[in-house]
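First the structure, in the form of structure tokens, and then the observations on it.
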Amino acid sequence: MSYINITCVCFPRNFIKQRQGVIFAMSIMNIGLIVLVLSGLCSLALTRRDSSSWQIGVFGCIVGCSLCLLGGLWSHAGWSLTRGELQFRHDMLSLLFQLPILVLGLVGGIHSVGYFRDHCEGRQGVYWFFYNLMLACMIWVTLAVRPIEFLLSWELMGLLCAFLVMFNYREKGSGHLAWIYLLACHASGLVLQLMFVFGDTHNSEMLFLIVGLVGFGLKIGFPLLHVWLTEAQPAAPAPALAVMSGSMLNLGFYGLFRHVSMSGNEFFAGTTFTILGLVGMLFGVMFALGQGNLKRLLAYSSMGNMGIVALGVGLGFLGSSSDNIMMAVFGMSGALLHMMNHSCLKGCLFMGTGSIWRAAGELRIDRLGGLLKKMPWTGRFFSCSSISLSGLPPFNGFTGVFLLYMSAFHGMLSGTGVVLLLSVASVLALALAGGLASAMHAKAIGGVFLGESRLPGIDQVRDTCKTMRYALGALSILSFALLLSSPWLVGCFGGVIEHVLCLGGYVEEGGLTVAEVLWQEVFPLLLGIVVFSFLTLVVVAVLMFVCRLLPGRKLIDRKGAWDCGFAKPTSRMQYTGTAFVQPLVDYFSAILRPIRQLVRVEGLFPTRGSCEIRMEDGGIRGFWGPLFRLVGWVSRKVHRLQCGYLHVYLLIMVVSLFCLLFWGFVLEGVL
Amino acid sequence: MDWWLVSLLSALVLCPLLPGLVNRVKAFFAGRSGPSLFQLYYDLFKLLKKGRVYSLTSCGLVGLSPWFSLVCVVVALLFMPLGMCDSPLRFTGDVILFLYLLLLSRLLMVLGALDAGTSFEGMGSSRKVHFSALSELVLLGAVVFLICLTGRMDLSGLLNSAGVASWGRYGVLLLLTSLGLYIVMLSECCRGPFGDPDTQLELAMIDEAMVLDYSGSDLAAIRYAASLKMWVFGSLFVMVLLPADLLDGFQGWLAYSSSIFATALSIGVIESVMARYRFKKIPQVLLAGFGLTLISLVFLLFFGGR
Amino acid sequence: MVPWLVVLVPTLAGLASYLLRRRRWVLTALLLFTALFHSAATLCLVLRPGVRCEGSTWLGVDDIGVWVLAVTSILFFFVSFHTAMWLPEEERYAREHGEELLPAHVFLPCMELFLGTMSLIVLSRNLALMWLAIEATTLVSAPLILFRRSKASLEAMWKYLLICSVGVGLAMFGTLLVAMSARGTGCDGLGFAELLLCSEGLEPGWFLAAFIFILVGYGTKMGLAPFHTWLPDTLAEAPGVVSALLSGALLNCSFLGIIRFWQIAPQSIRPFCDKLLIALGLLSLLTALFFIVGQVDFKRMLAYASVGHMGFIAILWGLGQHDASFMHMFGYALMIMTLFLVAGNIVFVYRTRSVSRFGGMFDRLPRHSVLWIVALLLLNGAPPSPLLTFVTEYILVRSSSLWLGIAVLILLFGVFAGMMRIGLKMCMGPAGEVDVSTEHARTTERLCGIPVLATILAICGGILFILLMSRGEL
Amino acid sequence: MDGLSEVLLVVLLGLSLLMANSSRVIHCIRLVAFQGILVGLLPLAQWDWSSGFPGFGLLALVIVSVCVKGITLPLLLYRAMRMTNVECEFKPLVGYSASMAVALLVIGFSFAISSGIVPLSDASSFSVPVSISTMLLGLFLVISRRKALIQALGFLAFENGISIFGIGMSLQYSWIIELGVLLVIFALVFMMGFAVCQISREFSHTDIYRLNLLVDWDRNGKGVEKDEEVA
């Protein structure tokens, strides 16, 4: 039931032959890991000499990541080996989750070179140490076999990320954020430990499943378990943040797929995942809508996207529980595809925030604006990724969402009861989330890049150095490549889907295998999407070109915005991001509970009025805050016992002595 | 197939008539002899000849977004079963692509408006995203209903396979759904009680407020795209309403186009007999539309013999 | 022979260094010599079972004792070297600022005597002798608490003296009760060996009473709730090195005292003894949680943490995981020592213990604050720590019933939360209101050598334990 | 001749009763000294002289314990009293009449439970309740009195109670241990006396109840912000 009998994914164990290529791949991968670790240590040791430390760090990052990438891709057939005490296992599932880590790690390394160039504060060595070790640890998580090793790598990963969250320790309140983050990591470690112990001893599948859901959900950021993700994680430096929320959140799903076998209670799993996904998706996108800080906005949208992935997984399980293989495969492949897209896009977006932070020194959306003129390329990459992440064609964000819709449609057509209900609900929720997400990204793009700049020192703002732009560009190109290659990419998911849904190649009469569904059903649809997206882009390009010939295309003049005859519209007249989403925020105020601080304009000669809208995280407001306050209150009451009176202490001693005697001799009646 | 092409061309060509028609009806109700039926054509030609003036704040998105959103609408149109015949470009699930392309065109307009960086355009776009988020819900509700009804997942199948037989059984439900779609059409095109297209008061505008700073060919593209979008939504409404297997060929095309113009007439009538809603009320109306689709869905699922 | 040396040499060294108070270097040399000799002798005892003379009537040692002795010896080794580095700084500071400290020729001898008495606890093969030793530790450690001649430390000493004396008096009564229960068997004189032999003959009623008295008495010394009340005051007021010795070594030795009686308990009442241990352990964990949350004094926080760990050790023993409880003892001792040494240095720099005045310590004392965070994490079982999460906690949850395991995990999580909150509050954020002279801070930064060594040792031990576990040998 | 020992035990009981409601420190010291002497002599009283003269070890033990418990420690505490010049206990935490009632209750309680315990040996089972009540009354003194000195005295009485139990049950173990115990108790009480002097010098009073700098309980609601600068 537990981790033991879950063998390698794409093939039975006996299939492992230590072929030359496999051995080569293993050693390459191990070398990559070693390079990562060693370079981190070296750059920590050389932290006094700044330049050499970052050079070593980035060198190790690039070399290590590319070696691991090479090794991983070389033999995706999978292998497992024992090096001394450690056991590694690599297969398609691992590879699926390694790719985002490695690619984002690589690009993030390049980006952080620029990010820290003039702002190192002599601590680059520390950064590179934690960064490279974090990457190595994430890879180890995807390779670890035995529970103790998995736990170890898991907790270490959390710790290293926590240290990265601590990196800007001088900010006010940074201690509190780091605290939240550490708590989440430790809690997930403890719960997972409980899970593995249950897997060992107490044979209760349902308990095992629930505990696993909680433990890994703490990394995924399921609703109520998301606080660290949206509150604390944004405190990390942007490149590291990109890697964390781009690829570490996925690892929660990895753990679930690898170590928690759902066979037997697919229905429960499906229902749970679907509901969690629905709630998380809507919750995340709604709260993202109301955030004023770009990083936090993106963090909430990560939560929403993880909700989408969870929704896909849930639909997949619902499908496999109701023997609806179309639904199952569409949902699962959509989930995996969306996970890939989200990693790529979210990495690009967070690195974009890093560039903005370095260029403008400000991340509050209402203070920014008009940056597209100052940093055109960053702006373009950011905007494209942003639109794409809101799940719109002709970008790659659409494909995953599309597959989820299809899965839900299949569920509606042939499902009954709960399956039917949940699939209808997920279609509608996806629709609402799509609309809100587009609004949210419109807020982000419009507030940061478009319009008049609200930044005082906008004239000094220059676009960031090349490396950061290259990193963003690389990720944008990669996401376009993901769009184009999505049909074939999905084709590779077969083994993973079979493993996760515990289908194990089982087919009922006249039914399709997973691979058949993937190649015969999913492939053409995605191909259609790709073709039409491509067509749209081409038509736009052609039209833009053709229209140059029209007389009306020639630009006569650039004047101040007309805006119904305002003589000179200033930046303070234009809509802020907050104002832009205010109707929606008010509309959902039952959930968002916006806190509004209003200074009205009064008097004949009104002084300046202002209106500020903040909102506290729902999880904190609703659950965690009260809980922790309760514990604090109780402990304050309990502190009275340590009242400083020696007499009381002695009295307590004597009384408890008599209580123990009473317990022993009267209650237990040992005599 | 050929009639599909014909009706595609007619859609592209005739769509500027719809606003003119609406205006004529309103003028009739107002007892005026309103602008010509072909007014929009004249405007388009004039605008295409004129040059453009950009605001200093804009970052070049102004030039891109109208055309891009126009293309989105056109590509979306390609999936429609125009003139009662299935679209040749259909594939399973293209309805999602269709809806998201419309969403994209909307988003692009919003971004263009924000690019101008003025208060009125910000206001208009903020209203736009607010209402469109809800109308998205209504549209998907209708789609879900149709999928459960027809068992097809491509737009052509959805709109075009509810024949007389299913009208016999589910006529009421189809009516309810089409009513919901009608509401969406009104709100998306900012007609009727949702927005007042020919107001002079920017505070009352939605779409018009978003295009205040466009000029020349860009404005032409926007106007054209707006009328085309009206055509698209109108034909959504119409196709749900018309039994698929009733007519085909020329008569199908005729019925289709004429009923779209009839829809335009009805819009005109509504605009002239109803006052504009307060903006607070619009979301409620949209939710009511969503409720209609949901009711029809529920009836279909529980009493529809599935 | 060796056991006698282990006890006698520190005692004689203490007396000698009190007599030779004239020359300062003699004091230091004697301290270091004691540490080295003690660890050498302990090594000999560990490696060569021949010289343990377990069967002897007075002094001898068995496997358990060797483990505890080794922990004590390692601890004293580190602490003595740290003292040799730290004490001169402290005295210089006191001279400059006109403060009055306990003179070194009282302080250092007391430390050596403390070591001797603790070794006597471990090595005594006679329960009455063990009682004597435990009482003696109270005596010799009381002056150490008085190091800073402040009112607070005096109060702490008085409370320590009285509570522990009463507790140990109860333990004395418990010992007599054991003698009562042993009357039927004819083995009188409270020799541990023969009691072990005739443990089945012991009269269970008397013995249960005896065990409860012992649990209360030595539990007071060990810091089990609700008898822990002296612990926070004492550990907070004593200087870092003394707190390290008290919490790291003394508590373990007193726990050994309880274990001795558990070992001779007749089978009929062992389940109830285990139940008692588990109950008191849970209570201690609860106490630790509620007193660490909202704690304003970081040394008191550490004290409550040690209460919690003692409870954890007791639970482990009660669940029958004896090896695990000793492993936990090892890791706990190392980490709490590190923390107390670091805390002592921090107090030495900042001259205050109230958390609310701290902030931005990463800038003032970078090494110490990194060490502080890391050691806190390790004490709370972040990997690769020999403690909780990875080894002993895993074992506990594995061997315990479901709900006990969950309860313990929740309590430990609460403790972790409280401690990390305080630790991070101290190290991060903008600088606190206390201003620190930079050169004073710089000189103190040099004192972080021993804690670093201890941390490294703990991490190595942790990795070793984890390897053992993944081999499935635990 | 059990008679004598039982007389002694009754006297001891009376002594602890008196101690429970004696307000003056000097009076308490006298009572403790007397108690110590009696406890020291108890082994001789229990010795059945028919079997011959007691051995040297026993005599030495008796002498030493009488010297330590009966003479030296009381003198020590007396000196401490003179140095800290505390004459008597003003308003103890438990009033004197209440203390009397408590003492009676404690004695009743100890008799009740020791009647439950089977007298194991020929030795007078009477010593069990006496020892228990002496211990408990000693603890009661420690708990209920404010003055540090009386707490020390209470502790001494507590120890006496323990040794009454040991002697009464005639649990003899090697005289080294006995001497060690005496030595340790001596050292402890010595330490306490020293501490009392220190306290009276630092705080200019020896009222333990007012000795509560070290607390976690913030009485005034806003955090325990004592911040007595260390040293």
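A, B, C and D are the chain letters, set down in written order, and residue numbers restart from 1 in every chain.
Keep in mind that, in the parts below, contacts are C-beta pairs under 8 Å (C-beta built on N, C-alpha and C of every residue); 3 or more make two chains touch, one makes a residue touch a chain.
Worth saying up front: this structure is predicted, and the values here are computed from it rather than measured.
Asker: By Cα centroids, which chain is closest to the centre of the whole protein?
Answerer: A
Asker: From the mean C-alpha coordinate of subunit A to that of subunit B, what's the distance rounded to whole Å?
Answerer: Each chain reduced to its C-alpha mean, subunit A and subunit B end up 36 Å apart.
Asker: Taking the mean of the CA coordinates per chain, how far is subunit B from subunit D in Å?
Answerer: Distance between chain centres: 98 Å.
Asker: Please tell me the distance, in whole Å, between the geometric centres of subunit A and subunit D computed from their C-alpha atoms.
Answerer: Distance between chain centres, rounded to whole Å: 68 Å.
Asker: Taking each chain's centre as the mean of its CA atoms, how far is subunit B from subunit C in angstrom?
Answerer: Computed from C-alpha means, the inter-chain centre distance equals 78 Å.
Asker: What parts of subunit D, by residue number, touch at least two of the other chains?
Answerer: 139, 142, 151, 208, 211-214, 216
Asker: Residues touching two or more other chains, restricted to subunit A: which are they?
Answerer: Residue numbers touching two or more other chains: 636, 639, 642, 646, 650.
Asker: Mind pulling the residue numbers of subunit C that touch at least two other chains?
Answerer: Residues 158-159, 162, 166, 232, 291 of subunit C each touch two or more of the other chains.
Asker: Would you please name all pairs of chains that touch?
Answerer: A-B, A-C, A-D, C-D
Asker: Any idea which subunit C residues touch subunit A in the complex?
Answerer: Residue list for subunit C touching subunit A: 158-159, 162-163, 166-167, 170, 204-205, 208-209, 212-213, 215-216, 220, 226-227, 229-230, 232, 269, 272, 276, 289-291, 293-294, 360, 362-363, 377, 380, 382-384, 389-390, 393-394, 397-398, 402, 405-406, 409, 412-414, 416-417, 420-421, 424-425, 427-430, 466-467, 469-471.
Asker: Which residues of subunit B touch subunit A in the complex?
Answerer: Spelled out, the residues of subunit B in touch with subunit A are 47-61, 64, 67-68, 70-72, 74-75, 89, 91-94, 96-97, 99-101, 103-104, 106-107, 110-111, 114-123, 125-127, 129-130, 132-134, 136-137, 139-141, 143-144, 147-148, 151, 153, 202, 212-213, 216-218, 220, 279, 283, 297, 301.
Asker: Spell out the part of subunit D that touches subunit C in their complex, as residue ranges.
Answerer: Touching subunit C from subunit D are residues 120-121, 135, 139, 142, 148, 151, 155, 158-159, 162, 165-166, 169, 171-174, 177, 180-181, 184, 187-188, 191-192, 195, 198-199, 202-203, 208, 211-214, 216, 223-231.
Asker: For subunit A, which residues count as touching subunit D in their complex?
Answerer: 636, 639-647, 650-651, 654
Asker: Which residues of subunit A touch subunit C in their complex?
Answerer: My answer: residues 85, 146, 148-149, 151-152, 155-156, 159, 166, 169-176, 178-179, 182-183, 186-187, 189-190, 193-194, 197, 200-202, 631-632, 634-636, 638-639, 642, 646, 649-650, 652-653, 656-657, 660-661, 664-665, 668, 670-671.
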